[in-house]
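Look at the two complexes coming up: chain A is in both, with chain B in one and chain C in the other.
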Partner chain A sequence: MADLSNRRWYSGMLTQEDWWAVWLGVGFFFISLFNLAGVDLVGWITYPTKWVLYPPEGGKGAVSHAFYALGKKYSVTAKGFYKGLGWWSVLWTYVVFTIATCIGAAFMRWNLKRFFTGWTIIYFLTIATWFVGHHAFIAANKINMKQYGLNFALSLGGGGSFILALIVGLIIGNFFKPFANYLSEAAKPEWYIKTAIVTLGVKLGYLPIKLSGFSHKLGKEAASLTFDLFVAGAAATIVAYLIFWPGVYVISRKLFKLPRKTAAVLGSGISICGVSAAVATGGAVRAKPVVSIMVSALVVVWAVIELVILPGFFTHVWPGTNDPLVAGAAMGMSVKTDGADAAAGELMDEFMRNKIESETDGAVIWPSGIITASAVMTKVWIDMFIGIWAFVLALVWVYKFERRAGEKVPVSEVWHRFPKFVIGYFFCWFFLLALYFGPGQSGAVEAMPFLKSVKAGAVPIEKGMRKLFFMLTFLSLGIITDFKKLKEAQFGKMVWVYFVALFFFIIPVAIVIAYLFHHGMQIPNIAGFVQ
Partner chain B sequence: MEEKHDESRKEAASGSLTGTALEAEDVLAGAEPWEPVETKLVVWSLLIAAAALIIGLLVVPTSILHTP
Partner chain C sequence: MNMELLIWHDGSNWVVKNERLTLSAPTLEELDVEVERFLRGSGMLREGETAEVFMTFDNSTIPQWIRQYAQHYFNRVLEVRG
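Here is the complex of A and B:
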């Protein structure tokens, strides 16, 4: 724990990705609240819709409408203006988010010129992928494919775009390495996903407001469900983590005969939140830097593999649409990076909603984002655990294994290891809940004009900004993932430890614990209101 | 050599995944013998997990104990 004496509680507020996720997410959230004063400053945020090259007569899907400004649909005060933006909303979104992210990059002392060019390329690649992924053949389902003149569609919803973005990223990362290297200054999946997670807080807070628009009862159900996820997620995470870490530690030490420090870093990397946990534990037990780096690389590569396998497995094999929130919570405990977990949750959200709608011929429709929220909730709790566990391990190593005379571990270490983006996530969530239960009168009819203004601001953030940052995450994750690393001999043994621990221990335990705490939780059906 | 080591340390601290430190020492060999304190760490962790599970199942309203 050397060189910590100069750190203050506010250290890093302007220089860490974690904090910049908060500033971006909460910053745009506050800008969205100008709607309460009758000024819509976020309606320009762009969003794609399904398209086909030759839409049927009277049908939907003209390419000219493939992107639109969300204010066109949701703005209370400037609908006419935002309606005229159409594809130009892509440029508006680029300009505003470029300024915002470049300010962050400058404060974090990144190479601004390389970030700007890298960000520009990544942004427009993301838009191109998002556009292709919304072709009706990929995104439509059997309920709405006829409107686009199709007799068959893949029913992937928005998930198709995520998969495409990941594939494009992986192609760049593995076949165009100099280009990937050039983009690396702006390929920051952890930053983008943390920002997306802060805006997920807006989504959670907005859910009761949205459902109140359908019915007063549905709004209350949604508020209650998000609280249930919060409590169940906390309990499941604490239990799971305290089983994960010792299990992986024993597997590493006894089965694979690894040294103590390497086993400890692996234990945290595979059990908690991969990269940051590996780095935090590496620091706490003073492992050689190469251990944290190797584990981090493994975490990222395996997370991508999980991201490809688990959403489909949970949707189509078990537990399917019978227990979608068990699947979400298990995902959060199984996938070891924030980016891949939230992305996998979002992908599964799309898969499950499309599946239930198709299976029931449209009789059941779930609101988007709840399954994602269940995946993120357990992950967020695990993230919060990192600081505490790094602190416990530091104590064990200092006072038991290495017995360094006179050395003390400061309690402030817990705060320094705390994932700060979580603050932004909870802040946005609780702020909107306060608006819902306060001036919004829990969705009472007389408060509807007020809640409509809140909605006009919240939707562009929770829908447009959040999905854009998810897309940026998928593409960036692909760009920085180098499968060649798995082949390197030095990784051989660790790859096997990771494989055995993940598939034969972590995932089964996660599923059982998720089942114990989430079995039977129901997502509200909004079919009667949206049709 | 020292400079390179410092660089690696810095990269680990930042969570960088593209470290030059990958071409480094063998950290997989030389396992120490299992010590009683490791048993304690593992067993206590599992005991606390068991206690948390029981309390959680009793207290959390959505747990399987409360599901009809």
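Here is the complex of A and C:
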């Protein structure tokens, strides 16, 4: 059956993943706002905590508390009820998100039975890896390991769970291919990450509210920092565009002698935003779809390689904890799919926060999510520019290189290529900022009861739902990544263009641009308030 | 007059289709010529008139694993003068 989801400006609203990321993210965000009326409908969302098999006397880490409902800590109106859920919150979360995602899958006309079974397997594998990854040996650091009776811990924070999820996914994707194929109906890293990015909007809007709970000044600093990231991300992205695309195009044409259309598609895939840019450019230059498909397959595999290498490199080699937001922005400009980028940003967020806390013996503690936000911010700007860039390319191609009498490029192309999940991301962010600056009185003491109700709703979304969807992304990314694809002969030169352009051009230039626009930005230190 | 067509690439040809016609050609230039020929030959386009042909890409021809990353290939508009 033909898919005409881009026939009209509104025709894909119920049939595209991009839109369903908005409906899921914004939908649960709105449900969370019932807290303002005294009804907590999201406190059941599950969250893991560090555990050990034999907790020391008077210490922490009982397995029975390894998962809890976030309402137990944050609910204003139903703390008692959510306290009783414990591990059952895993099932509550499964049931509610299964219903929500299955509704989306049904509208998108996927095979519902396969999606349901695939989703169920992926969800419980995710929970299992989340649980194992929170063993205190993996997740604790030298500041808190004694509480779990340990003398040594890997200090990976939540990052250990992400790595485990990716490894489990890659094992399935590369060694159990029939199983991976079966799961593919529900292994949708881009859907999960776009949903997570919408909830990251909740995180950004909630940040000033959270920090104003510590001090009025910190709240304002956080609001100001998110605006700085917003502006610096846009500026860095524009500069990157002007350098990346022509650079990779020239490398492809002059160094590797690729045909013009292939060079253009590859140029966008490597330099802008991976698959979406490759497909957008393929369409813009009227290339046969197979060119975009080949480039896309390359992008997906290379993005996972970057996800494995860059968070550790940026954390432990350069720029490290001196310039965490430079690292985040550089990540956003270097990793070429939304899923791998946001996942890499989140992983680096965990690494950096644990590193700084350990290095300073707990004197510096950063709130979670800001480094992730810096990685996602540049990527979101890049995503938004894809439509405009593809439109410009289409004009150049249709009116100059391959002039065809009578052909016009419809302006609606810009909209069709616009990443719709970005609408949800900005909506949630600005909605919460409006609450903070409006009835929240920028964190004034008399507005604290109001802000506490906002917090009770926001935390399960920005913490529980966001992390869960990140975990689903890591696992799904692994499942759909088949490294054998790099070996396939028909890619030939393209693999090498990608390698040379990425490691000798894109990543170094991204670091320089990120440094120019983000150097010196400071993450607020909350050590004095959380200990 | 306005006409809407569905467009896709079948591996070797670009194909356009609606309830009245199915045309194909190896390149878009040749496809446009075919469309012009059909409009004139069928009497749908009279001398002095201009027809606007809107071609919507059939996304179902893009592999499903890619559609989660990018959900639009292209739509085209072709203006044909009679």
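Note that the second predicted complex is superposed on the first by the 525 of 531 C-alpha atoms of A that agree within 3 Å, B and C clash if a C-alpha of one lies under 4 Å from a C-alpha of the other, contacts with A are read in each partner's own complex, and residues count from 1 in each chain.
The working rule: contacts are C-beta pairs under 8 Å (C-beta built on N, C-alpha and C of every residue); 3 or more make two chains touch, one makes a residue touch a chain.
Being a predicted model, the structure only gives us computed values, none of them experimental.
S.K.: Once the structures are superposed on A, label A:Thr337 by its partner contacts, choosing first (chain B), second (chain C), both or neither.
M.R.: Only chain C; A:Thr337 stays clear of chain B.
S.K.: For A:Tyr515, is the partner it touches chain B (first), chain C (second), both, or none of the two (neither)?
M.R.: first
S.K.: Tell me the contact category for A:Asn6 with respect to chain B and chain C: first, second, both or neither.
M.R.: After superposing on A, A:Asn6 lies in contact with chain C but is clear of chain B.
S.K.: Does the superposition put A:Pro259 against chain B (first), chain C (second), both, or neither?
M.R.: first
S.K.: Applying the document's definition of touch, where does A:Val396 land relative to chain B and chain C: first, second, both, or neither?
M.R.: Touch status of A:Val396: first partner only.
S.K.: Just to be sure I read the superposition right, which of the two partners does A:Lys493 touch: chain B = first, chain C = second, or both, or neither?
M.R.: first
S.K.: Could you look at A:Asp228 and tell me whether it touches chain B, chain C, both or neither (first, second, both, neither)?
M.R.: Touch partner of A:Asp228: chain B, not chain C.
S.K.: Taking the superposition as given, does A:Tyr249 touch the first partner, chain B, the second, chain C, both, or neither?
M.R.: The first partner, chain B, only.
S.K.: Contacts for A:Pro410 in the overlay, against chain B (first) and chain C (second): which applies, first, second, both or neither?
M.R.: second
S.K.: Let me check the overlay on chain A: which residues of chain A are in contact with chain B and also with chain C?
M.R.: Shared contact residues on chain A: 184, 190, 275-276, 279, 282-283, 288-290, 292-293, 296, 300, 480.
S.K.: Using the touch definition up top, name the residues of chain A that touch chain B in the complex.
M.R.: 184, 190, 228, 231-232, 235-236, 238-239, 242-243, 245-246, 249-250, 253-254, 257-262, 275-276, 279, 282-283, 287-294, 296-297, 300, 396, 400-401, 480, 485, 488, 490, 493-494, 513, 515-521
S.K.: Can you check the complex and tell me which residues of chain A touch chain C?
M.R.: 1-7, 12, 16-18, 184, 188-191, 274-276, 278-280, 282-284, 286, 288-290, 292-293, 296, 300, 337-338, 394, 402, 404-410, 412-413, 416-417, 480
S.K.: Name, in rising order, each residue of chain B that touches chain A in their complex.
M.R.: That would be residues 5, 8-9, 11-19, 21-22, 24-32, 34-35, 37-38, 41-43, 45-46, 48-49, 52-53, 56-57, 59-64, 67-68 of chain B.
S.K.: Tell me, which parts of chain C touch chain A in their complex?
M.R.: Result: residues 4, 6, 9, 11, 28-29, 32, 36, 54, 56-63, 65-81 of chain C touch chain A.
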